[in-house]
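Heads up, the next two complexes both have chain A, just with different partners, chain B and then chain C.
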Partner chain A sequence: MAATIEIAALPQRVGRVIRANPVIPLILLLFALVALLEGLQPGIFNERWVGNTIRFAIPLAMLAACQTLTMLTGGIDLSAGVVATISAFVVATLTPLVGGPSAIVLALVPAILMGLVNGFGVGICRVHPLIMTLGTGLIGTGCLQVYQRYVINTGSEIPGMFEWLGTGRTLGMPNALFLFVPFAILILWGLRRTGFGRLLYAMGANEKATRLSGVRSWQVLLALYTMSGLIAGLTGLLYVGIIRAPSLSLANSLMLPSVAAAVIGGTSIFGGRGSYSGTIVGALILTVLGTLLTLLQIPEGARRILFGAIILVVTALYVRITDQS
Partner chain B sequence: MTEPSAARPVLDARGVAKRFGAVAALKDASLTIRAGEIVALMGANGAGKSTFVKILTGALRPDSGHIHLDGVDRRFASPAQARRSGIMPVYQEPSLIPDLDVRDNLRLVDVAAEPFRHWVRELGITDLRLDARIAQLPLATLRILDLALTLAKEPNVLMLDEMTAALPADLVERVLTVIRGQADSGRSVIYISHRFAEIARVCNRASVLRDGVTVGDFVIEPGIEEKIVELMLGGVPVRAELAGRRASSATPSQAPRVRVSSLSAGSKLADVSFDLHKGEVLGVVALEGQGQDELFDVLAGFRRAQSGTIDVDGQAASFAHPADAIARGLTLVPGDRKDALLMLRSVRENIALPLLARPAKWGAIAMREEAAKVADAVARLQIDMRAQGEVRRLSGGNQQKVTIGRWVAAGVETLLLFDPTRGIDVRTKHQIYPLLRELAAQGASILFYTSELGEIALACDRAIVIFGGKVVDIIEAEHATEQNLMRAAYGLTEKQRPGARP
Partner chain C sequence: MTGVLNRYGWSLGLLAILAGLLIATRIIQPNFGVSGLDSLARAALPFAFCTAGMAIVVIAGGIDLSIASVMAVAGVIAALLMQQMGDASAGLVVLVVLAAGIGMGVINGALIVLTRGPDIVVTLAMLFVWEGVALLILNAPGGAATPWMRELVVGGLTLPGVPAAMTMWVPRAFVVLVALVVIIWLPLRRSKLGLSIYAIGSDQHAAFRSGVAVGRTRIAAYGFAGLFAALGGLSITLSTGIGEPIPGPYLLASVAAVVLGGVALTGGKGGLLGPIIAVFILRTLRLDLTLLSVDPNVTTIIEGTIMVAVVMAGGLLAMRGRH
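Moving on to the complex of A and B:
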């Protein structure tokens, strides 16, 4: 009798552990993908490959931070990709004119500005975040095209610091970690141990209850979307350091994967649930998956179909495993 | 067994058990009901009532046990199947779709307008329009509509879950009359309620559940209440001593904590004035829709008054947002717990929420200080912390304690309680009353609206009675018998006649 209870209790205990630490199945999936990759092409798993994977996962994980933070409140930031592109383009075109440090500051100004506009629209005018950020993203793209006409002859240069972060290595690992590790720690700590972080979860869980408790939601949303803009701008600076070729659609290709990384990482698009640690693993999974599909040498169309299908399956399974309510 | 009627039972459930993982929600539940009977199903929160009801109505499948319907052993695969066999529940949550009007809702469930309208009128609602959108109707009306909808389908066994919980006294009367009529015409009713007065009036028998086991089945007779309560609680003393009862120094000479003058809002709150003193628990008695919702909304900063003034500690106050009201010490426990709680978050995060509301508190949380405040509130309210990880796993009574505990942790000055004991068990109620007295004794002021008139004498110093948007009477606790309160609530204290309702 005791034995049968123990056997019956084992899957339950596993279930409980997973629910308490929802990152575990994601990490297992990541390892499984890496093992599959190594099986397909023995020897690919080396220090150089790991470094490269991390290097390309970092801007994705940073942009996905914008999605994680806004999604916790039930929102989303679809302008993040455009903001990153703008900051990247501005910094590359202004560095030859005003020098690196000033260019960095000037590049972050439009990022913060767009965040503020998003926050104003979502928090004060109560426009749905999806529409608001889609709209500002479009406006931002238009502004960038106008801006491009004025700077067409200046040439481009990337500030030394971001070139070093984007391309350099220390002990085999990409220098981008010097930016990302403190950034990730700040976000992880902020979500758990600050009043602002708690309020993001609370607003997503029940906005009525936060209002009842005296929270003025517009204040939270204004701060949140401004912060999201700043993070997106910073991501753009790092990304242009990695790619070293500014364009008008530089970070746009990161946009949908950033949403996918947050969703795969267990953040609910309805708000109230999620973690940044999940998002980081989600970004790594997507990067490894990208390599895997490239390696399979299948046509681009099939590659995209497979990519989309895998994201859907993983997300559906993950929600099922972690939420047995 | 004790019924003289030899009729075969309509519904006979025996030895029903159900486990959820490691938790045995139901161990050995039984219920027998004959035609023409109303049987009360009773039990403290967590006794297994909800699980039992879900099994009887086909929403859950039992692990073991038998359910006989008209003598045939049945296992319902779905609520729809149970419905087809004539077992129809009316749950606490309104089942109508908010964005449709009444007529479309009727179409959805395939109920003709005529029997439905008949029952709506019968249940005391005379001014219902079929093109009214559900979202715009008050909760009490929705519950009546749900009941009317079910009655129109002519159930053999009607199952009512806390049917009268959100209803004002006049509608309760109608509901009781109607279900008695159902029984008299040979149908059966399972009546789940915490209210003894109603059970004593309409029920033939009461079946009591405790910890998943049916521990007793009584014929209702005078004096049975004490026995049932004792059985439900399993030996816990029922009448807790009310600490600090009227030890407060609520002397009228003192300046009031809150003075409300000629307040009006919306179409219902017409002209309400009263003083709420320091250390006082002031009851509010009103039938449904007399303006009490608007009064609490204005005081808590959820809506603006049209005219009138609020003075807090002698200074004029005007609230554009609940944060403004909280800044002046006015904090609300709303009628619906779901509006107040973060169901997916922990007890701790729920209680600490107001402490983090202002931007100045958005930085690093002082974890130790917070833990101490939360622990203090948990201890004072005796919150059961076994399922503290997610508030949704707590019982209704415990959830309500968390919403009150939030303001205890934040420091209570003026607590606005809107029907805080609705649908929670006797034991929790008797923990809440002494707590209110204790808070008052420590200097808090409490405004306490309740739909259960008996609570006024138990917890309040005075009560104001609101009728037609105006205060029509102020009754001291010693005179606050249910009859007095009821008469006043119907506006019968002054020259008004029953027909004078607007």
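Moving on to the complex of A and C:
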């Protein structure tokens, strides 16, 4: 009798622990994956590998910030990958023409514009964010292809600052951390300590109640999606510094993992629950998992299936956990 | 009564727009005729099928984001099997592909019912899964389509006993579309299952309390969406001659056509006629832009903008309806 009660109580207790400190099991999972990798290929775990893993996890974690912030309100930003690609491509093609600093500013303009359009559609027209951002992503890809024809002869150059951020190392750690650490602190602080951050949680938890208590939800959504566009643009600038070869589909491959990173990190896709710290660990887990899949020579198709399955399983688990509470 | 008037009024309005667009096409390109109509119908075929599938799911109160990936899976299965099994068994291949489509749809529906997650999240995850499956089946565009099956959707209609000149202007692809939609949709709509689909779409709790098996009905709706998606994938393979594992822009196009066709995204309202006319409107518009020698990439931008605008207007209308 006592045993059955204990079994019945176990998922509840696990659920409570996960809800209180979602980062702890994630960090354990990360260490387990690293241990598995070390077991499969002894000697892989060294300072160089750690630096590289962090370097590639950073753009993913930044793009996943777009997903985390929008998911907190129950939305999603599927145009983030395209926005990052556009910014990266624009900065690389404009630098030879107008110089680094103005190219960076010009590259962030389309990112903010797309964010504004998303915010307009989601906040004012009440289109579902998934459909809205998918649509703007499609339009953005078309615009990029038209733009590409005008700059086909200019060649490409990456601003020195982002090349330094993307490829340099300080004390064995990637320079990208100089951008990422302040960024992460800003997001973590913004979500926990500012009114805007609280509003995002409130809107995700119960939008009607938030609206009835006097919040103009369309303003919050407009600001949120614009911010998400800006973050995606910034990610693109950093990512082109890491890859050093602009293309028309540069950051699109980060799109799916960025959703998965936020979901793994404990951000509920239904809104109202989640944290950016979880997302960062989620991005690290996915990067290590990517190395593992490459090592095991898993084809691209199976990778996508795995990412889809992760999103599905984690979502189903969250539904169960929230049902029990 | 006004509801019925409203419904057909919407479709009639769409038909008028379509007629206007076709006349515009004729003005832009004076020799637009039988072959132009044929290629228009053939290009619209996959869009029309996936829109029909999407419409059924939306009527049932859901949305299937994985529909384009399901089409890709069906397309590559068809291309691969037709290449390997030869001409004689092409009919069998079609049955296998349709069964696979229904299977994928049922899996989508069952996962939604089992996980109790929202449709939009579960089908987003399944979008990635089916995309991966398509890539595993065929890593790069390849395979082949059986020639006599291709004949089914290419060219004009010929009926025995009727002079060819009278029927030649009707594209075969259009006949195939109408026939299949009528065969599948009309009996479904009149059946108990069809009524249940409308019921769970308009109010799930009310439907549950009046004895509708909500879970089973939802799975069936996704199954029908899978069937139409398989037809769509099959028609892509038949009209291009190869299987393409990367899904085309069918998801957004189908959502836009469904909204434009008068099916509310909140569910429970509308039919298949409006959305299918909407597909032809969107395709004719693209054709006109191409005939005006607008750059194809610009055409994509215009098309995307129209779709987003349609969905936005639909959202505004739905909001006004709710208040």
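Methods note: the second predicted complex is superposed on the first by the 279 of 325 C-alpha atoms of A that agree within 3 Å, B and C clash if a C-alpha of one lies under 4 Å from a C-alpha of the other, contacts with A are read in each partner's own complex, and residues count from 1 in each chain.
We adopt the following convention: contacts are C-beta pairs under 8 Å (C-beta built on N, C-alpha and C of every residue); 3 or more make two chains touch, one makes a residue touch a chain.
Everything quoted here is computed from the prediction, not taken from an experiment.
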| item | value |
| --- | --- |
| Partner chain(s) touched by A:Gly142 [first = chain B, second = chain C, both, neither] | second |
| Chain B versus chain C as contact partner of A:Pro299, first or second or both or neither | second |
| Chain B versus chain C as contact partner of A:Ser213, first or second or both or neither | first |
| First (chain B), second (chain C), both or neither touched by A:Gly160 | neither |
| First (chain B), second (chain C), both or neither touched by A:Thr194 | first |
| Contacts of A:Gly99 with chain B and chain C, given as first, second, both or neither | neither |
| Which superposed partner A:Ala202 touches (first chain B, second chain C, both, neither) | first |
| Chain B versus chain C, judged by how many residues of chain A each one touches | C |
| Residues on chain A engaged by chain C in the complex (per definition of touch) | 76, 121, 125-128, 130-132, 134-136, 138-139, 141-143, 145-146, 149, 256, 259, 269-270, 299-309, 311-312, 315-316, 319, 323 |
| Interface residues, chain A side, partner chain B - complex | 9, 12, 193-196, 198-199, 201-202, 205-206, 208-216, 219, 223, 272-273 |
| Contacting residues of chain C [partner chain A, same complex] | 65, 111, 114-118, 120-122, 124-129, 131-137, 139, 249, 251-252, 255, 265, 295, 297-298, 300-301, 304-305, 307-308, 311-316, 318-319 |
| Residue ranges of chain B touching chain A (in the complex, touch as defined) | 21-22, 300, 321-323, 326-327, 332, 334, 338-345, 349, 352-359, 361-365, 367, 406 |
